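Structure first, then comments.
Chain lettering (A, B, C and D) follows the sequence in which the chains are written, and residue indices restart at 1 in each chain.
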Amino acid sequence: MTDDAIDLTDRANFAFFTDVTVRYSDQDELGHINNCSYVAYVEAGRVRFLGGFLDPEKYPGIDFILARVAVNYLKEAHYPGVMEIGTRILKLGRKSMTTGYGLFKDGECVATAESVNVFFHTGTRETIEVPPDVRASLESDPLQKSRAG
Amino acid sequence: MTDDAIDLTDRANFAFFTDVTVRYSDQDELGHINNCSYVAYVEAGRVRFLGGFLDPEKYPGIDFILARVAVNYLKEAHYPGVMEIGTRILKLGRKSMTTGYGLFKDGECVATAESVNVFFHTGTRETIEVPPDVRASLESDPLQKSRAG
Amino acid sequence: MTDDAIDLTDRANFAFFTDVTVRYSDQDELGHINNCSYVAYVEAGRVRFLGGFLDPEKYPGIDFILARVAVNYLKEAHYPGVMEIGTRILKLGRKSMTTGYGLFKDGECVATAESVNVFFHTGTRETIEVPPDVRASLESDPLQKSRAG
Amino acid sequence: MTDDAIDLTDRANFAFFTDVTVRYSDQDELGHINNCSYVAYVEAGRVRFLGGFLDPEKYPGIDFILARVAVNYLKEAHYPGVMEIGTRILKLGRKSMTTGYGLFKDGECVATAESVNVFFHTGTRETIEVPPDVRASLESDPLQKSRAG
């Protein structure tokens, strides 16, 4: 499953959205939302989206860790308001999972982002392959209309 | 106008509320919302609440600066969810204004706070008395049902 | 032990200092260090200072939680540079401990702060009295030249 | 000038370092330094490093905006301590500049990062080519032993 070509600036490419209130303290000295705040928004989307993928009872000792985050800043955005973070799977590797994000404010895409998570065993602390059920669940729902669970 | 005795843990004592999404990154290593995050919530409430008090066309060169913030942590609160920040005037001094806050999550008051702002002239950088119209507006609406403006 | 009258703007009243680098992202839209950042500085000082008070082997199951933080903003401070946080005990109650802070940048005190921590038992989750050894240690070192421990 | 192959995990590949104190509030619920905090560290390095490139008297109305930040998380890192951020130019495009980062804590590289800044004119708000003097200065110092200025 490879979806690198997906346009993350297009809301229609997301089925899962997380809303985050922009805070006054998110601004930097130029009156823009600071670049660091976007990474917190991306995290808010990622944690909500990925939260349902691994049932701890079904997969004891399996977790994924964050290996990479990249944010593309497309437009300056401003306080106040709500940032809507669209989140979806972009790519499922042997041991990793790439998630794509579109950040929308006031109807416009202000940033896109990608993150990579790697599956690992909390006991051995070693990376492992994506559990078959998680893979099957993801591949049966290519549009990511819902979180796996 | 002195309202020091107002119970800030009681929602009924607020007419103005600001909602802020709790973020994953607001947590500390104990899995609680970190104490610093509360101060950002209080700021979110304060900026929205006080934003309407000083019409820059009517009062050119007059602003208020933050002199003090105090937060009382009453209950541990947790991600995810929404923090509702009730905000109201507590006291109007000669040159300063004390604002009171109740922070509510999942129906419970998890913290209260107070802040003091001092009026000053942006040109002279000196403190000034509360402009008469602002004072009149505030005193005519003792319950702070709405922001002055 | 009550030291409410201690002048927290005077460096000479502190023996324990924690240095924190000011970050670009600490600024707000006015180009000042944002008020929320000060609370993170105070926390940096508090965690370092209080970290040595409770030896977990000596006092298993005893911890203190943060009940209150108050910051007084005295001067605008600016990026870049280092914030030096002086920390000391102000008052030792029956079940609580009040800590005082002076925040210094470029040789000037830009803020003072106080925090209150309450002792509690991690098992019963109930507040408890300050352990006698901790009290003795604090009272034998009224100037707080060093952390207890 | 293209230096994509530079190993950002090797301290020897950096001549410019910025130190940032890790804060207690940088941690997340797992007791690690939160991924968002790394982006603030990268910003701390970037602002210090790039701060000297554009003399506002020499280049009035020219600025660069952040277009992209990517962070690779290599090792879990922990409070307390100091994060050392190595910063250098990786690539100089026609209108943009790619900066590389190595984040070191306790002698180990815990993360690498890249950022892209685009030159633009603050008056027209349009992207522009890298000013010839800035380009010459950068190309004459391929090891980036010092900031241009």
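Definition applied: contacts are C-beta pairs under 8 Å (C-beta built on N, C-alpha and C of every residue); 3 or more make two chains touch, one makes a residue touch a chain.
Remember, predicted model here, so these are calculated numbers, not experimental data.
The interface with the greater count of contacting C-beta pairs, when B-C is set against C-D, is B-C. Comparing mean CA positions across the assembly, the chain most remote from chain D is B. Our note on geometry: chain A versus chain C, Cα centroid distance of 37 Å, whole angstroms. Remark: chain B and chain C have CA centroids separated by 24 Å (rounded to whole angstrom). Between chain C and chain D the centroid-to-centroid distance comes to 33 Å (mean Cα coordinates, whole Å). Multi-chain contact residues of chain C (touching two or more other chains) are listed as 24-25, 34, 36, 40, 43. Listing the residues of chain D that touch chain C in their complex gives 19-21, 23-25, 40, 43-44, 47-48, 80.
Residues 34-36, 39-40, 43, 65-73 of chain B are the ones that touch chain C when the two sit in their complex.
Within the complex formed with chain A, the chain C residues making contact are 24-25, 27-31, 34, 36, 79.
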